[in-house]
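Okay, so here's the structure we're looking at.
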Amino acid sequence: MSNSDRPLDILNDSRNKRIMIELKNGRQFIGVLKSFDIHINLVLEDAEEHAEGTLKRKIGNVFLRGDTIILISPQ
Amino acid sequence: MSNSDRPLDILNDSRNKRIMIELKNGRQFIGVLKSFDIHINLVLEDAEEHAEGTLKRKIGNVFLRGDTIILISPQ
Amino acid sequence: MSNSDRPLDILNDSRNKRIMIELKNGRQFIGVLKSFDIHINLVLEDAEEHAEGTLKRKIGNVFLRGDTIILISPQ
Amino acid sequence: MSNSDRPLDILNDSRNKRIMIELKNGRQFIGVLKSFDIHINLVLEDAEEHAEGTLKRKIGNVFLRGDTIILISPQ
Amino acid sequence: MSNSDRPLDILNDSRNKRIMIELKNGRQFIGVLKSFDIHINLVLEDAEEHAEGTLKRKIGNVFLRGDTIILISPQ
Amino acid sequence: MSNSDRPLDILNDSRNKRIMIELKNGRQFIGVLKSFDIHINLVLEDAEEHAEGTLKRKIGNVFLRGDTIILISPQ
Amino acid sequence: MSNSDRPLDILNDSRNKRIMIELKNGRQFIGVLKSFDIHINLVLEDAEEHAEGTLKRKIGNVFLRGDTIILISPQ
């Protein structure tokens, strides 16, 4: 990872790459990051919901509201 | 999905199309997106509430407050 | 429903008509919409609280704070 | 009720009159509205806390923080 | 109580007087109001925490964050 | 305590002195206040976490986010 | 620790050093701080999630949303 100055740079570097997202309610999503904004609202492509390490369902394209997100990790 | 720059573009592309919405309290709605704003407040037409994959009730037109929404997925 | 551009239009079209409101804590109110603002604060006339499809109590005029509202549906 | 345009008008019309207030935690207060502001912070005189339709305690003058309020109804 | 126009006037009139404060988590404090601001952050002197009508502990001077407060009542 | 006009004055007077902090989730920290800002974000030095009156662990330097804080009391 | 004036200085001094972070839901992360902003959004490198003092999983690079954070401590 480059020594970037702003946290959102990690999202900018992850465009069109797979990321994992965990929400405040414990749900986990994996998909290709297509877009995000300063509220951390974001859109995933080929999104899947995972639970305890296994695939729970395929969702396709999905908009996730930023204020429900706890963490985002590039895969 | 086009390689859009802003998350709200997915909502703009979904006007007059069916979307699925999940709320923070676990409730799920499916309907035709008629309008939305930057707070993610939105209006659905022909809306239905679903629970565990089955139709729970038909609501017709409904306004959903953006701050209760977790995710939105085009159907 | 007209193909309106803004979600609040559905409230504007519902002035002096009956609407159903559900709150974050699960409570449901039905009444005639008299006024609303951009925070979705609103005032109902002839308001009734309903629970599981039956009338729970008559409240008359009531002010509901917007940040407690999940959904609003014209009746 | 007059056909007012703004929800706060119902509070303005209730100055020096008895109102009932319900909070997000389920508590209910009845008292004479002395003042309010745009955050729905308000002050009641001769306030009483009620629970399940019966008087729980007399409080006298009380300031209630607007963000804890669900509904307000003139008595 | 004077027929004041703004809710914060009740706090202004309570400077150097005893007030009772209840927090969102149910805790209750009694003390002499020394200062407050528009967020309802406030400082009490000779503060005591009470629970179910009895003294729980003496705290001395204490800063309380406004967003945790439900109600304030002059004693 | 001086008859200060602003609640944050009590924090300003507590720089380099021991304060006790309670969080919304019930946790309690004691340490030397090094800095704070208008959001009540603050940094403690020689911080300890206490639970039910006994030392739970030593943390050293710690940044506490203001929106998790309920009360602050000089020791 | 220097007698800094602003709480965020402790984060600035921790760039490229290991920090421990605790979230509102009780989860704990340890990693090298790469960047942060005024919302306390931050990015960790070589991040690990810990639970009750033991390593739970390795995450690598991770973005943590500031509004979920309770405390941050340099290691």
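Which chain is which? They are A, B, C, D, E, F and G, in the order written, and residues in each are numbered from 1.
Here is the rule we go by: a residue touches a chain if its C-beta (ideal position, glycine included) is under 8 Å from a C-beta of that chain, and two chains touch if they have at least 3 such contacts.
Treat the numbers as computed from the prediction; the structure is a model and nothing was measured.
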item	value
Separation of chain E from chain C in steps, with touching chains one step apart	2
Chain B and chain D, separation of their C-alpha mean positions in angstrom	34
Euclidean distance of C-alpha centroids - chain B vs chain E, Å	43
Contacts with two or more other chains, residues of chain D listed in rising order	67
Going round from chain B, first to chain C: chain order	B, C, D, E, F, G, A
Residues of chain G defined as touching chain F within the complex	1, 3-11, 24, 40, 66-67, 69-74
Of all residues in chain F, those that touch chain G in their complex	16, 23, 25, 27, 34-37, 41-43, 45, 47, 59-65, 67-68
